[in-house]
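Each chain carries a letter (A, B and C) given by its place in the written order, and its residues are counted from 1.
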Amino acid sequence: MTIRRVISPAVAEPPPERWSNCLVVDGVAYVSGMTARSGTTVSGNDEYEQAKVIFGKIKSLLEAAGGAMSDVVKITVFVTEIANNTKVWAARREFFTGDFPASTLVEVSALAAPEILVEIEAVAHLGKGKR
Amino acid sequence: MTIRRVISPAVAEPPPERWSNCLVVDGVAYVSGMTARSGTTVSGNDEYEQAKVIFGKIKSLLEAAGGAMSDVVKITVFVTEIANNTKVWAARREFFTGDFPASTLVEVSALAAPEILVEIEAVAHLGKGKR
Amino acid sequence: MTIRRVISPAVAEPPPERWSNCLVVDGVAYVSGMTARSGTTVSGNDEYEQAKVIFGKIKSLLEAAGGAMSDVVKITVFVTEIANNTKVWAARREFFTGDFPASTLVEVSALAAPEILVEIEAVAHLGKGKR
């Protein structure tokens, strides 16, 4: 099986020749660093709201891939203000149960636009989470 | 086999609904970004000392998973002062031999607390390193 | 099969006991965060030129591993000036076709030396990209 690109109608695709939101190979889904931006609009005014949008995108992509949020084994969270990490945690609690993914969260000096406060990428092993 | 959470008595667990220190699936161990903090105490006053604590945690988790440090294929190191990267290297040399893991090391603007100088995450393929 | 270190004559190896440029296990290649530096020389004065050097190194390593750029499923790009992300994209377009890799791009506060503007790591599933 070759690498498969996964598209969800719920998640805006990037322009051609940029990146893929989600690729699947060998049962592993690689989800790009997602933000709350669609086109030129960023949804959410704080890290909680933006992270909810982002986790919603990741969920849509994984479900389009035939998986679920419980299949996520690792997320990496980049924020622009680490003091607000608890806001990301609050959003995360709405998308995971049981054993949460392994996680790294660091503050970077900038994301793709000033109003983007959070970027989250994920790795999932499809069908391997508890159902 | 579903995703398995790995716990080591040598590594403090996060509170519920935060993250897992280590998840294993399909023979791959994903270790969260670890720091030298346990509870509210950060061990080590420089990058060398903190990295030693961190690599010790990663080793404990991988051994609890049935693996070893030689199974590590990739680490990502986030530091707050890149000029001190050689201190992380010095600690790393005490935990690896032969072919060292693939590695990325970048300076971020902040980690989870001001006294945290280093955060390191790891991916390991259990049982696949030289013994 | 144990973890295998991959070396390319086109890519300078780090000194002993630092890191491996590329490790392969279970058909997955893990490529370290690569820069445009070889020895003490950094090639390229902007993000476009440096990213071309870096993608060239990744290509050489993957080909030495028996793979190809089309096998890359995920890249992580660290830049020091996110406003120049389009320069990285321009270089990327010269190395990928079809479904581009999943990608994360963030701005960090510093890389290994002031003249280093970009660092890129990659994960590839060898032989799984379109040929």
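Here is the rule we go by: a contact is a pair of C-beta atoms (placed from the backbone, for glycine too) under 8 Å apart; a residue touches a chain by one contact, two chains touch by 3 or more.
Remember, predicted model here, so these are calculated numbers, not experimental data.
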| item | value |
| --- | --- |
| Same-site or different-site touching of subunit A by its copy subunit B, using the half cut | different |
| Rotation angle (°) superposing Cα atoms of subunit A on subunit C, nearest 5 | 120 |
| Averaged-CA centre spacing for the pair subunit B and subunit A, given as whole angstrom | 22 |
| Residue list for subunit B, restricted to those that touch at least two other chains | 28, 76, 108-109 |
| List of subunit C residues in touch with subunit A within their complex | 27-28, 70-71, 73-74, 76, 82, 85, 89, 92-93, 96, 99-109, 123, 125, 128-130 |
| Complex contacts: residues of subunit A adjacent to subunit C | 1-3, 5, 17-23, 25-26, 28, 30-33, 76, 78, 108-112, 119, 121 |
